[in-house]
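Two complexes follow with chain A in common, the first pairing it with chain B and the second with chain C.
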Partner chain A sequence: MTSNETPYLEQFPGEAKLVKAAFWSSFISLAIGALFGVIQVLHRTDVLRFIDSADYYTVLTIHGVLLVISFTIFFLVGLFTWAITTSLDRPLPSLRFSWGWYGMMVAGMLASAFSMFAGFIDSIDVSASVLFTFYAPLQAHPLYYIGLVTFVVGTWVAGFDWIRTWWGWKQDNPDERIPLPTFMVLTTMIMWYIATLGVAVALLAFILPWSLGLVDSINPTLTRTLFWFFGHPVVYFWLMPAYMMWYIMLPKVAGGKLFSDPLARVVFVLFLVLSVPTGIHHQYLDPGIAEGFKFIAMTNTMFLLLPSFLTAFTVVASMEHGARQRGGTGYLGWLKALPWRDPVFTGMALAGMMFAAAGFSGMINAGMNINYLVHNTFWVVGHFHLTVGTGVALTFMAVSYWFMPQLTGKRLWNRTVALVQVLLWFVGMTLMSNAMHRGGLLGIPRRTAEPQYDGFEFEAGVGSVAELDAQIVIGGILLGLSTALFLAVMIGTVLGPRDDSLPGNNYAETLSGPEDAPLVLDNLKLWTIIAIILVIFAYTLPLLSIISRGGLFGFETGGLPLSISLLGSTIAATFGELLPAAGSVTAPLETAATTLTGIVR
Partner chain B sequence: MSSETEPPASSQEAGGGHVDGPIREIGHDEYDPVGTLALIGLYFLILVALWFFMYFVEFIGNDPTVVGSILGGVMVA
Partner chain C sequence: MNIHTYEKLWLIGAMLLIVGFIATITYGSVGLGIAMIDDSEETIDPSDISDDDRFSDPRVEQVGDNEYEAYVVAQTFIFRPDPIEIPENSEVTFQVTSPDVIHSFSIVGTNVNTMVIPGEVSSMTAEFDEPGEYGVICNEYCGTGHHDMEGKIVVVPEEEFDMTELSVDAPDQVDLGEEVSITATVTNGQLEDHETTVTAEIGNETFEEDVTIAGDDSEELTFAVDADDLGEGDHDWSVDVDDESESGTVTVGDDADEDEEETDDEDAAEETDDDTEQTEENDDE
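Our next item is the complex of A and B:
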């Protein structure tokens, strides 16, 4: 597939339409999500507050869900469809079926989006301001959960579609190695099937029945743990398509070849095996999970540094190969020979660099003791704006400058604007993310509409909180501007003239190809079994312990508003005054209030 | 395609993934990624330095005291 001269649109016109639709769903989510991000930045820093602080959490939920679920995953399904069809040189078995899973994903996301946006309108009795981390005690309208489940099931069906395309290819080519892009799709999807089991159980068995009023209460620790069972591997679901682009597209646009196909396979196998049994590292501060289980999660997490470092090596070596083929020399002088004027290259390279910086803050998050310093602070927000917010998002935007012409047959409008766009993103994120990390070290909390407190000031060792706020506002506005430019380039390209000199639909050749990779790497059954065994090791005992302590459905707390602790105490006090003899009534009420306060905390 | 036969100027205008052809082909055996070693080595040193810095951030108050003491020292001097 590496010497093909036909653009994707001519190769697979039907699939190109599907990929284009998926990309546009992704871009629309990006547009709304980014706009809401700018609103948050202005509100939090108290520069401009034109929404009610209670609505801040609705804005935050929409920002989170649209960007990390809708933007990323719609882009992923488009990209994976391209990867499967291109690398197998084979169309999808049935386009009608494929449009079916796309339709499911759209319907699911629209339902969830409706329930979130309804939070702004008092006259509609629907709201879902529960943030992307939608666990108890926050409760959303059932439509929100039903929408999310439909969306995820859509991705399952999409995965099946890609797997059966591969099966068909395998029957025609029984002795060939799995092409690398297909291998990446398959390992990522197997990981996704395992990971989403957690959230499926959390939603279908507990949260949805609770939201529908079928059960009175749930065990918050259990649903949190099931959420993070999915909540950590989902970050690799965002990341794997970006990694795919770094492995198979970046070497090509750098003018070189992928350094090692076998190493790339090892990396994806490691992510399949290690992504899921790590989720508890998001719960280092959760009571009710023994330290030993957290330690196991930390160990698994630290092993995940291995595939990330392997990637850093392979990707940089592939870029260097391109630079040297372009005439670059020296230990660092070769960097000058890279095509920095190409937005596709520059966007991806800068995204990779930011991702390397996030490697450090990730190690801090992953350390059980150091995590206490930054847990639930602005630091974490800074971290994931480098990973998903730049490593992934900037890579997706940069490769869109290659994909959009391939999918539409149009000429890219306009290369200079595109280059400015990726640079603006880099500068904006450097400012915003740096300030968020530093703010976190001062103890500034995340998920807070007004982190300004009477009679208390965060003390900055270097600089001041005002300086950090200024960086965040300027950074956030630059990011908003960058998103607008990206959308302008996409729309300009679609509306622009056709390009008859488009390059062929190719990805990078390899220096060391699949023939050098041990056959066992392609044994997906083996890796799946190992992944499942590790999950069983990491999760069986913690889950059993959580259930035995808190019960499957927890204590009788119900889905009540956050102010219940106050309310409960007031009622208890009132009852106490009115009925001094009724100690048997007030005691359970007070216990309930205390329990609730604990859970809310 | 055209980008490989024409000078780089055309690929700069085109955007959308035209790649210039290589000046020279470097095969598997002749390629020695020393630049990668330099860059990854540099990254490793930064990580080690940050890791040491983290010690001060976590254990001695919540301030980056290294910077604080240097700044303080400069001001005293």
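Our next item is the complex of A and C:
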């Protein structure tokens, strides 16, 4: 925007520390999450199994929660803090307060992580191998839920912090347009407040009291629906910081300007309005929800393609503008003029490209009746490893190569390694996600330790399951390596020498600026009201129907506690509730109970 | 607002694509008749599924011409019944429920795929045109043994398919001079008449009888041999119809030895095939 001479560290030293802390929290989560990802590809494909298959689900839970909650959201709070302070040119009102929400998030995540890791240790009875989605009646230790709630409340307070910073700025600058990065932060946070209501109600009103034993019944469809009320928009919460980077950072590193500020605002408004009333598209195959509600969710979801199409246009147009500024010519010849040796640029460009591919597999997922073919198969895993696993993750890693020097005043170590890192990610993910998509079409399920069955084999039309497994393993290992390189660059940079010639803390200027954007776009109250109305339309009837069918508190169930208990009596008591039919004559039920006891130890 | 011409064209193109997608899905629903799993089934208390006449005895039932219903229970970590046997060229409505946690019922390589949520019954209809075998898996994480949860669907050629059940009433002991009489009750679970052959063996005597059993009905057949013809001692008998089979032993001789001999027999029979089969038979009931 303004040409600023000084790096972020000199502009806002206190905030820089906070952003740095948030980024490191994010990177530590990435390190553990990625390591566990490598363990999973080796285990699933039966290349190397050194954990118990029962422990696979503990590994998977940690992989999921650390990467999609901790890695992404810690990075987001760092990035948004940078965006607010930079674009408003204004510090946060109170750093002590800001460290407070950061501390809350850390405490929450540590509690959840402790609970998840306890899944490995028999003697600590707080485990939570319920996966990221924690569908009841699977039951985790209350600590897991309490940790998640604390973490989310931390993000609420962070949002409040950014909003009040903007509010203060607005009092001082009543006639100015909201700067684009701040606009993006505000719309994303409003969306987040609406979205997290779902998971907050699910946890606080139903799951937590039930896991604490205060109530003994639950309606699994209700808690599942409330989870997806949050579970779909959360993907935009991961994505919006990446989109922000594509809008305000990518054009700059490409050597040009953002094509259109007004359309960027339109895109974020569309996400605010349409993100939440789509969650039921994760429940296309759920019984107990009428087809009409699913159809509405499908239509809303399809319209969500629009902001992504707009983004694709703007991002490519901005890149072309940059390339032409750098002397590029021709219909496609300009592509050669882009700074492909810059890991910040190349990482983001490749991330964007793979995200576009993910858009296409996403359309299949969104296609209600086509979804039968791919629901809960490996296809879905391939899909979100392109979206959050590349579109978001690779963008975050790429921009870190710009941010880390800004936050520490150090020189980036080392550009070549960084370039290799983003390329490795691209190659690894191409192999892995391609094989996952294809495997899904064969019916290979997601979320399973051993997708090898006794009674049948998956039949590949082209290639073979062994070939798919090979791609997954090679891809997974490359991704693991890439993560290690990324962390090496981050650590190398922090330990390295100071750099006195750092560029100033700037983001992209625009070809068509905010003065071209209609004022109504900045009317956040209006968009919030519209978003809430759409949510009410999309969710009131389904929720009422689910409650009237299954009851607010559902039926009695002890749940399937995935805490490992050494007390035989606990197990017996659990089965009394868990398998109420076990008392009846059916022999197989008892067999199942025996199996279960065997595994629970 | 300033919108570049190219961007306008792009926007229009994107909108057309979106409308096209929605139209495609709508065609799938309306034109091709791919129905979504929905709320048409009544809810069920997961702790009471043993009182439900569908799920207390998970099974396949014929409900119309080439139309079948399969009542399936998905639970940690099995499917019941397993395997599910159905004839080719049939239309099968699966009704699936869970007594414990969320599972799925997914027939590998097909688009038969549904979540199974405790408290709800998932109902979907599929056509099976060709004989073959399909794997059934649970694709929703349901606990530490999730990866072991699998089942099978066997689509049997039409002419080989039957829903015949057999139960046999035979004496344990018969005195000399009397008649050894075995009564076989053959039940046809299908709605159409079923023509089949029942074979029986008592000692060295074999019987073969063709029988036509009306739809959803049963026939009683009696096979008899004079005890004198068999002679004193133990004699094996067996009854076979379609894939069903029952067998046992009858003792011809005086009363006095009865108790003793029977005990001996049972002990001796412990390891024989006959006994195994009988055990299986008992389980089915």
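By definition in this document, the second predicted complex is superposed on the first by the 557 of 601 C-alpha atoms of A that agree within 3 Å, B and C clash if a C-alpha of one lies under 4 Å from a C-alpha of the other, contacts with A are read in each partner's own complex, and residues count from 1 in each chain.
Heads up, the rule we're going with is that contacts are C-beta pairs under 8 Å (C-beta built on N, C-alpha and C of every residue); 3 or more make two chains touch, one makes a residue touch a chain.
Not measured: the values here are computed from a predicted model.
Chain B and chain C, once both complexes are superposed via chain A, fit side by side. When the two structures are aligned on the shared chain, A:His375 is found in touch with chain C, with no touch to chain B. In the superposed model, A:Leu412 lies in contact with chain B only, and not with chain C. Once the two complexes are overlaid on the shared chain, A:Gly504 sits against chain B while remaining clear of chain C. In the superposed model, A:Gly550 makes contact with chain C only, not with chain B.
More chain A residues lie in contact with C than with the other chain of the pair chain B and chain C.
Looking at the shared chain after the overlay, A:Ile532 reaches neither chain B nor chain C. With chain A as vertex, the superposed Cα centres of chain B and chain C define an angle of 100 degrees, given in steps of 10. Of the two partner chains placed by the overlay, only chain B lies in contact with A:Met404; chain C stays clear of it.
In the superposition on chain A, contact of A:Phe313 is made with both chain B and chain C. Touch criterion met: A:Pro339 reaches chain B, while chain C stays clear of it. Judged by the touch definition given at the top, the superposed model places A:Ser512 against both chain B and chain C. Between chain B and chain C in the chain A overlay, the least Cα distance found is 6 Å. Judged by the document's definition of touching, chain A residues 259, 313, 317, 363, 370, 373, 442-443, 459, 512 lie at the interface with chain B and also at the interface with chain C. Interface of chain B with chain A (complex): residues 1-3, 12-20, 22-28, 31, 33-36, 38-40, 43, 46-47, 50-51, 54, 57-58, 62-65, 67-68, 71. Those residues of chain C that touch chain A in the complex are listed here as 1-4, 6-7, 10-11, 14-15, 17-18, 21-22, 24-25, 28-29, 32, 34-39, 41, 43, 45-50, 56, 75-78, 80, 99-102, 104, 106, 108-123, 133-135, 137-148, 150-152, 283.
The touching residues of chain A, when paired with chain C in their complex, are 53-54, 56-57, 60, 129, 131, 135, 137-138, 219-221, 224, 259-260, 262-263, 283-291, 294-295, 298-299, 302-303, 305-306, 309-310, 313-314, 317, 363, 366-370, 372-373, 375-377, 442-443, 445-451, 453-456, 458-459, 512, 516-518, 545, 549-550, 554-557, 559-560, 562, 578-581, 584, 586-589, 591-592, 595-596, 599-600. For chain A in complex with chain B, the residues that touch the partner chain are 5, 252-253, 255-256, 259, 312-313, 316-317, 320-321, 323-328, 330-332, 334-335, 339, 341-344, 356, 359-360, 363-364, 370, 373, 401-402, 404-406, 411-412, 414-415, 418, 441-443, 459, 461-462, 499, 501-504, 511-512.
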